[in-house]
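Per-chain numbering from 1; labels A, B, C and D assigned in written order.
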Amino acid sequence: MYDRIKESFDKQGLMKTLNAKLVSVEKGEVKISSEFSEALTQQHGFFHAGVATSIVDNACGYAALTMMPEDMEVLSVEFKINFIKPAKTDKLIAIGKVLQSGRTLTICEGYVYDSSEEKLISKMTATMIAVKK
Amino acid sequence: MYDRIKESFDKQGLMKTLNAKLVSVEKGEVKISSEFSEALTQQHGFFHAGVATSIVDNACGYAALTMMPEDMEVLSVEFKINFIKPAKTDKLIAIGKVLQSGRTLTICEGYVYDSSEEKLISKMTATMIAVKK
Amino acid sequence: MYDRIKESFDKQGLMKTLNAKLVSVEKGEVKISSEFSEALTQQHGFFHAGVATSIVDNACGYAALTMMPEDMEVLSVEFKINFIKPAKTDKLIAIGKVLQSGRTLTICEGYVYDSSEEKLISKMTATMIAVKK
Amino acid sequence: MYDRIKESFDKQGLMKTLNAKLVSVEKGEVKISSEFSEALTQQHGFFHAGVATSIVDNACGYAALTMMPEDMEVLSVEFKINFIKPAKTDKLIAIGKVLQSGRTLTICEGYVYDSSEEKLISKMTATMIAVKK
């Protein structure tokens, strides 16, 4: 399961650009981190919301994928994200968790924390769809 | 108005990383583009959804800012985005438009198109908040 | 097309309870109204947000249904709604419009206006799914 | 705290119309139920999604209100809701929980269960705003 997701993850140019690492893969839960750099900032020098959003969208997508048969791929249908605290940290930790898994659609909850995993920075709810490879 | 937004835009490390350009600024409407590169891809080699999301979030935020007094800044409270078509294009064009502007909150609609501005790739609705600088 | 939707609409107990009427049905666009009564209020005596939400969800769902084959039904996957102005009016007018129609999923935009159809009260984006009857 | 919310709840004509009861009020968490009747149905005879949405929006709003000073009121800015399972039950139980409470904005998570409180029917994320009475 890890290998299947790692292979897809490594093909994503953006994940490399965002200093993102695939931290862990469990059935229904995936964790991705992003190391801070000046290339990832908004106008005040903190992490741009787009970085948090990109990695937690991926974490949700891959969490959904852990519930799907081997011949399926996952696409984001839509998501909503609330920005709760400023992303002042040296590393973002994004966790995607499956809330409900169906044959076609999977609903995931996504959380973005600071490096201590104690401060909740953003909260996402995402709808994912399974498509034939 | 353009200068105020250009100055903020240029401070965003992520916008440079995403090959993003501030295309136009009008009262209530801002356009931002992103040129394709392999550093911005998902696993199939197209633009990652995170790129579209990041630039249209910014376009919405700056559109909101055009309605706010000079001593205010804008923050994204939350947004929802639907992914409608694959982002197969050499340039993404994101347009943020103010739907309703209030003293505290501003609601924006965001659109991401391909380089022809004819194919709608993503649609966002965002809630922005004005905060004192 | 009108008959197909009118038949489904009339089976919804809640639509009667909300004084709702199916105003018009066109390909990709459906309009539903709700007449004010004290049974539909929030604590200040205006229309409850739940009334606006219920009729615009239905308007979006039926708008999606106008794009689907006869043997399909429509279900709401999810929606997001922004509340823009207080619902101070004697009649709510909800309009659902198809933004993008696919074989499985349809994305709709929903608008709730006051009785003059000039004041925008709420704005929805909804994801609908086609299911076999 | 209960009295403050019960008084507001009882002024809502729609809550009576939806057979809704204020079940419990704790700091940061409010529970509201709705008893099934044919006046609350969609076209298949189950609870209409609009009923679930209306009571969980209220549960989230009142949960937010428990965190606010006495001279403030709460309004829904926006919410997103996913419909996870059909609402086939004799009673809906909606629970609103504060995720993050700020001076102006409060983010809530809302859950709608069947009467056993074991089957998750819908999941909401809502943004609430505090306004002076």
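For this structure, a couple of remarks:
The rule we apply is simple: a contact is a pair of C-beta atoms (placed from the backbone, for glycine too) under 8 Å apart; a residue touches a chain by one contact, two chains touch by 3 or more.
Molecules present, by chain and UniProt name: A, B, C, D = PaaI family thioesterase.
What you are looking at is a predicted structure, and each value in this text was computed from that prediction instead of being measured.
Of all chains, C has its CA centroid at the greatest distance from the CA centroid of subunit A.
Judged by shared residue numbers over all numbers used at their interface, subunit A and subunit C contact each other through mostly the same positions, with over half in common.
Chain pair with the larger contact count among B-C and C-D is C-D, by C-beta pairs in contact. Per-chain Cα centroids separate subunit A from subunit C by 33 Å. Each chain gets a centre from the mean of its Cα atoms; for subunit B and subunit C, those two points are 29 Å apart.
Inter-chain centre distance (subunit C to subunit D, centres taken as mean C-alpha positions): 20 Å.
Counting partner chains per residue, subunit B shows two or more touched chains at residues 77-78, 80, 82, 107, 127.
Residues 77-78, 80, 104-105, 127, 129 of subunit A are the ones that touch subunit C when the two sit in their complex. Subunit C contributes residues 8-9, 11-14, 16-18, 37-45, 48-51, 53-55, 57-58, 75-83 to its touches with subunit D in the complex.
Within the complex, the subunit D residues that touch subunit A are 80, 82, 84-85, 99-100, 107, 120, 123, 125, 127.
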